[in-house]
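The next part holds the structures, each set out as structure tokens.
Below, subunit A partners subunit B and then partners subunit C, in two separate complexes.
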Partner chain A sequence: MPSSRPSSDLILHRLSSSDYEIKLKAIREVKNQIIGNRTKKLSYIKLGAVPAVADSLAKANADSDFGSNLIVQSAAVLGSFACGVDQGVRAVLDAGAFPNLIRLLSAVDEKVVDAAARSLRMIYQSKLAPKFDFYKEENMDFLLSLLRSENENLTGLGAGIVIHSCETSDEQNILCHAGSLEKLISGLDGSISQRDASLESLATILKNNPEAVSKFVELQNERALRSVIELTKDKYPRTRLLACLCLICIKNSSSCYLQDIGIKTKLIYILLELLDDSGQVGEESSFAFSSLVAGKEDLQKLAFEANAIDKFYNHLQNCALHPKRLEGIFLALADLCSKLECCRSKFMSLQVLNLLINALTHDEANVRTAACICLKSVSRSIKSLSAGYFTNERIVIPLVRLLSDLCTSVQVAALGAISNIVVDFTPDKSTIIQCGGLKELVQLTKSMDSSLRLNAVWSLRNMVFLADKMCKEAIFMELTVSAVASLIRDPEPSVQEQALALVRNLVDGCMDCIEFAFAEDGIILDAVGSQLQKSSKIEIAIQGMYVLSNIASGNEFHKEAIMSLLFPETENGSHSFLSQYLQSTDSSLRTSAAWVIVNLTVPASPGAFGRIVKLRNFGIVSQIKRMVNDSCMDVKLNQSVSSSIWIPWDAVSEKS
Partner chain B sequence: MPVRVALENTTTPSHVSGANSRRNSFQSCSLLSVGQAFSGTQNVSSLQKDEAWRVNVRIQGCDLEHGYLCGTMEALNVPMADTPVVTFWEGEIVDTKNYTFFTGKWEAAPEDDIRHWTKFDSFGPLLGQVEMDGGKSADLSNYPYIFMRWKEQYFVNVGTDCGLTIAGFYYVCFSCNDGSISGFYYDPNSSPFQKLELKATNDGRSVSRTWEIMQALNTVSVVKSVRKVKFCCYNQSCHNCE
Partner chain C sequence: MSLFWIVIRQLAEIEAMAASKKVITREEWERKLNNVNIRKEDMNKLVMNFLVTEGFVEAAEKFRKESGTEPDIDLATITDRMAVKKAVQSGNVEDAIEKVNDLNPEILDTNPQLFFHLQQQRLIELIRNGKVEEALEFAQEELAPRGEENQSFLEELERTVALLAFEDVSNCPVGELLDISQRLKTASEVNAAILTSQSHEKDPKLPSLLKMLIWAQNQLDEKAAFPRINDLSTAALEDPA
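And now, the complex of A and B:
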């Protein structure tokens, strides 16, 4: 039988009735219908039931039996509307119920207080709930009164406020100094819901805050920490998950805690086991796993030994996975495969790649993003790249399509994967070009979004790496000379760095490739020069110097062009950036500067002597000589190359 | 480089990550970086005849922290093959942290190790320490030679039925001074001490102009590219941030 739609005139009329019994009955009726039923909630919201119920709540007298009964029911209905449905939260807030619910927390009738607290907890579970201002003293007094209350609903509300609104380290510190940690720790011995709320709040306060973590660990002589560890064995999966999350926050904030291999292994096994939970806990466990292993090679190794990849793969084989779960698993696999070849190798051997390829075309943007991030991580395997596992059309075509995805995060993630995949160590990058990838990448270098520009240039830089001349020409033609020069002068330093690296790879190889830098009156070289003159970022200077070095390895014309750029005739050279870079505290920059000199002074080139004389006049020779004792072996070797093998520096000084 | 099949006995080494105490880590060397090419010969002479194959090597990955190196090896005039044969190899850098002078696998006993390492003159000063404690106490961080083992993992452009084997591995010595590489192939079932000799080079350039290899080594930028994530953290929110 089709379910009946609420009859607008009747129910609204009854909800607004002046007759107490009719109104109460109508509110109960709505409550019973909407509980756990999203469709019904939306239907009643559309009908305008929320303002009517909020009105009953506002007008009822909490001091009378009738009134309190009405309030309890109205608050329950409003909380139910707000539970899990953003439209419901918005409707409740728009109807002005929020301040009334807060007001009712100080009512005498405990049932009214409970109902209001429960309703507010529902609201605070939504991102739409108003942000709680921890900086106001009276607010903190109110919050602490909630946390220290004997009433479980009030402590739960206090925890909910912390979880919802505590975002910055300042807010975390305010809560710490106000004594909230102690209050929350006492909740660990309470009921299931109190325990869970306390664990989640503690995780919120401790996240990325070493100061708060250290305060927490020291409390009661580490008893609180031991309690949380104990709760990882709780019989309730949600409690186990939250206890793990709390420990992960502690570990990630301060690496000095939880160093014991036993606890690390335990966390891995618990989270992998929680994956089997068919509900929200199972979904969230993979995200928790990600944050546990992200960037930590030791934990990735332990997870590998715990067969984590097999476990995730088994879950992925279930076709009917919820998008959130899929996303979490791909992100977990991405973190797991980010550092160790053994993990990537296992990933490849299990054929997880096939499932990943399917996810590249998933309806949900978050899943597509996660699949790309995972692909980026797995494609760090040079062994697999060299074997050509990633350059087939099954992967490249959907990836290139994602470059024009409507969601920017998908585009950025796809660019990340493409950046690695194009480093396939073959000179011919035809697959990606034939799939239209080159045009898309070049288009994205013109994006207004700097993260897209950055990653597109990054991909092109890698595409040009060791590419053959034909491929480089195709890329260069598509990009255009003026666009390359503009990217070198991009407002974003990270884009400048990648653009210089792109040119560095472009002018590597045959003599013709060096000519790319001289196209259209040398505007690219001019841009490189101006970045080197003003660059305050070492990474940019290093890339720029290697561009010069590559060009300086060319013919006489190329070498002289670099000399002119290093020592313009209008200046006396004393402020040359070359001199500064040779004295840099960064050994990589010193090395790159030394290589420029090495290539300018190679003895087989006819003009080497003249350039040496010039370098000497500008004081570069004496600088090179001083580098004999450089702490960096690479710099020292370059110094020995330039001073002992090739260049009779002393002879030059005598003659000049 | 592959050698002729003597016995099908290919093993796959596992990449052992160092669990020992962290001592001096290796300094990077421009000539042993991603994109760098080398060319030379491998002597595959046997009692029956003298033979040498031309060999090209390109480094494709280098992770000094983990003592890991990998690349491709191309054998050009292999009598049994119609085309040059390309293999992918993975290397273990002897840094006493991740890997020691003792191989401990691939059918190589400590005596085999010593016998091969001592073929390199540059190993001489280290022999005493290696005999004493396997070289664990040796400080190789500033040593101008880098010792490695290269193990071919798979054929890139031909099938396993090509009549060649990659069962053995190379003991390798790299000179930081001039980028030259010497190596000895070890496979109990192949001719002993097949010598590999390579010099750093640059495609399309005269090998004698050794120091102009700058063009190739400057593509070291790809190290950052492949390990792109190392740079993610300051320019994008990325789950892979390191």
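And now, the complex of A and C:
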């Protein structure tokens, strides 16, 4: 029968039979059923086949022919259970097969060694594999003996262990000092699988580790580096990709290597060409592309000139794309458009946006996240924002819907995109409010997850920037006074900072807006005051001071309220945080503090004289005089402008 | 081989000259051919590479004894590989799958496309043998889950199952699936996968050299009239028209 389901426990019975023939046949049967067949793997795991097979592996004697046969077959079965199925890996580990497989690596029979090594390699491809402890000397001896081996399955296992378990720079350095680089480099001349395994392990050891990179480059007079460069031209796409990844790791760890424009361009072209591969390589090449261009304007420029955006767009047009591929391409486009306007306008002119909008409702969470991240990057274009390209319902409605996505990373990414989109430089933010976006955002400011709170407040902060009074009122009503006050006192400093920035934008502009800070007995202002007293982080203090500065630009009542916040009657003014901030080593903080004083002492206001007298009494004026020679132009400028209407240029912050 | 290099060199020479089409006589051409030395060992390696890759194990063995050329792969592994290939070619797909799994359990576990094609071939064989019910059950149990995992598999599966809808399969639009060429296609895919798993090139070098020869002759044709090889099996030079 071709398709017998593992329906009964008969197979279990046979797997644990004491008759060698029956047992062997049963194990082989399971093997041929599950290899390549995920569904079958899952049903046999459920049936409890894994412990039975692990048992026969543990009990068989590797020195007898019968025993070694059983071991080879059992190891193949366990390896297949572990291949590509996490439940399988867990079941194999739970059944205690791992130490037995390790033990069998030192068997005499080469077939047994091969089978055990293959299974272990499968296990190490999963995140669930036990972490290898590089700090133990005997472990390192074992690992080096694997890497040194003539047997490809053993060197492959060694590489697999490095790729799986080497994470910290300490671990990378241990591997370097133990001479693993030399071993892996010699693998570059080996067979296809050895070469690929060596390249991937090298990339793992070199990643973000300048020390390891310089050691690698200096080895044999850059010969190793040259071999890796040579392998970017290899016949096999996978080898080309891994060689590129290795070079990207080198480049990203130490900017002094691979500076040549030729090699940079080459990497870009190779990765773009690898996109055409229909398999895993094509999927992974866009991720590699991202790490190559992320944060690097020169490489983004080169990629732009290599028509990278057209290329990605062409791939996106193929609607049957695998989710992983879609995710990779959107992330690559996000990195590509993160800095340069030419990239963003190319993106807009190709109508990639339409495809991105479709991806916002994709079934896979990772694709939705990637699409949001891409949108966030493209919407950094002031030109497109001003043209209102992103505030139409086609984008806003699906985006707002993503705010209540079940997956947190999607929510965070959607918030990121919204943060940028709401800075549309027009006072009208009605689309997003009408689509229910405001309610969702406010809801998320109450989330238990601090990253959601942070990004939601950030979005609101950008939303109230330059908004009209109606809009601000709507947002303020929805948020409520007490919620704003408690966000200012949030346990997370980053949320505090954004909440203060939100208030700063809220009270900017007309007199009525300033009144927001005094609602419900001024609990918001109290919260601002107490954060400034604590002065824990400079960024928080800066935003707090700008809140005060904006309020101080109001009427007499507002100005006096700030005066009494700065100089409470019970305290000695010389201990005032104002005085501290004016002397801060951070020029932005000094600037913000100076603005408060400028706005309090605008000569046109009737109480200005009285306030100057008070400031003098507290020693502030003499401080200001000293600041005329401030090295920071902004601070100096403030002192020379006696009356100024301050426009909060930096009141909105772009999400990068 | 030698011809190939001559053609390339000639191309370069002509490139440098005027655009008018140069005529190269047979004499001149043969003289040039004679001036090219190719090591016998290299030719032998090329032949051995072909025999090994295509799986002619007995011929390879004999060739090794006669020419002293060492194959770049253990000849024993060829026998196993050929057994797999033969099993597919004769329609014993289940047997072929077991043999591949014995050879290396990773091959089918890490190569979903190949695994699908083998299962598809199994389905085709069931249909060929008129086992309709078994075929349907097999398609549902084994192939449908793969189709769920991959869109292109699903399309191929639909095409295959369509065979069941026709009375006269030899005349239906998907009839070519029952062709012997389908078996050969699947067999060569398995062959290539096994070779790759053994870190061996999956294609012999000889055919690609012949392809390069044709390409180079065509390039040269645009610039010069020369004695071409048109019949690759005899490699006879034909006088320029």
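For this structure, a couple of remarks:
Following the convention adopted for this analysis, the second predicted complex is superposed on the first by the 630 of 656 C-alpha atoms of A that agree within 3 Å, B and C clash if a C-alpha of one lies under 4 Å from a C-alpha of the other, contacts with A are read in each partner's own complex, and residues count from 1 in each chain.
Rule of thumb we're sticking to: a residue touches a chain if its C-beta (ideal position, glycine included) is under 8 Å from a C-beta of that chain, and two chains touch if they have at least 3 such contacts.
All values derive from a computational prediction rather than experimental measurement.
Of the two partner chains placed by the overlay, only subunit C lies in contact with A:32; subunit B stays clear of it.
Of the two partner chains placed by the overlay, only subunit B lies in contact with A:602; subunit C stays clear of it. In the superposition on chain A, A:591 makes contact with subunit B only, not with subunit C.
Within the superposed three-chain model, A:546 lies in touch with subunit B and out of touch with subunit C [touch as defined at top]. Of the two partner chains placed around the shared chain by superposition, subunit C is the only one that A:118 touches, whereas subunit B remains out of contact.
Within the superposed three-chain model, A:83 lies in touch with subunit C and out of touch with subunit B [touch as defined at top].
Once the two structures are superposed, subunit B and subunit C can be ranked by residues of subunit A touched, with B on top.
Shared interface residues of subunit A (contacting subunit B in one complex, subunit C in the other): none. Remark: subunit C residues 94, 97-98, 101, 104-106, 108-112, 115, 122, 126, 134, 137-138, 141-142, 145, 149, 151-152, 196, 199 touch subunit A in the complex.
Residues 2-3, 5, 28, 31-32, 35-39, 76, 79-80, 83-84, 118, 122, 152, 191-194, 320 of subunit A touch subunit C in their complex. Looking at the complex, you find that subunit B touches subunit A at residues 14-15, 17, 27-30, 35, 58, 60-61, 68, 70, 72, 88, 90, 142, 144, 153-154, 156, 176-177, 203-204, 209, 211-212, 214-216, 218-222, 224-229, 231-232, 234-236, 238-242. Residues of subunit A touching subunit B in their complex: 290, 294-295, 297, 301, 331, 334-335, 338-342, 373, 376-377, 380, 382-383, 385-387, 412, 416, 419-420, 423, 425, 451, 454-455, 458, 461-462, 465-466, 492, 494, 501, 504-505, 508-510, 543, 546, 549-550, 552-553, 591, 595, 598-599, 602, 604, 632-634, 637-638, 640-641, 645-646.
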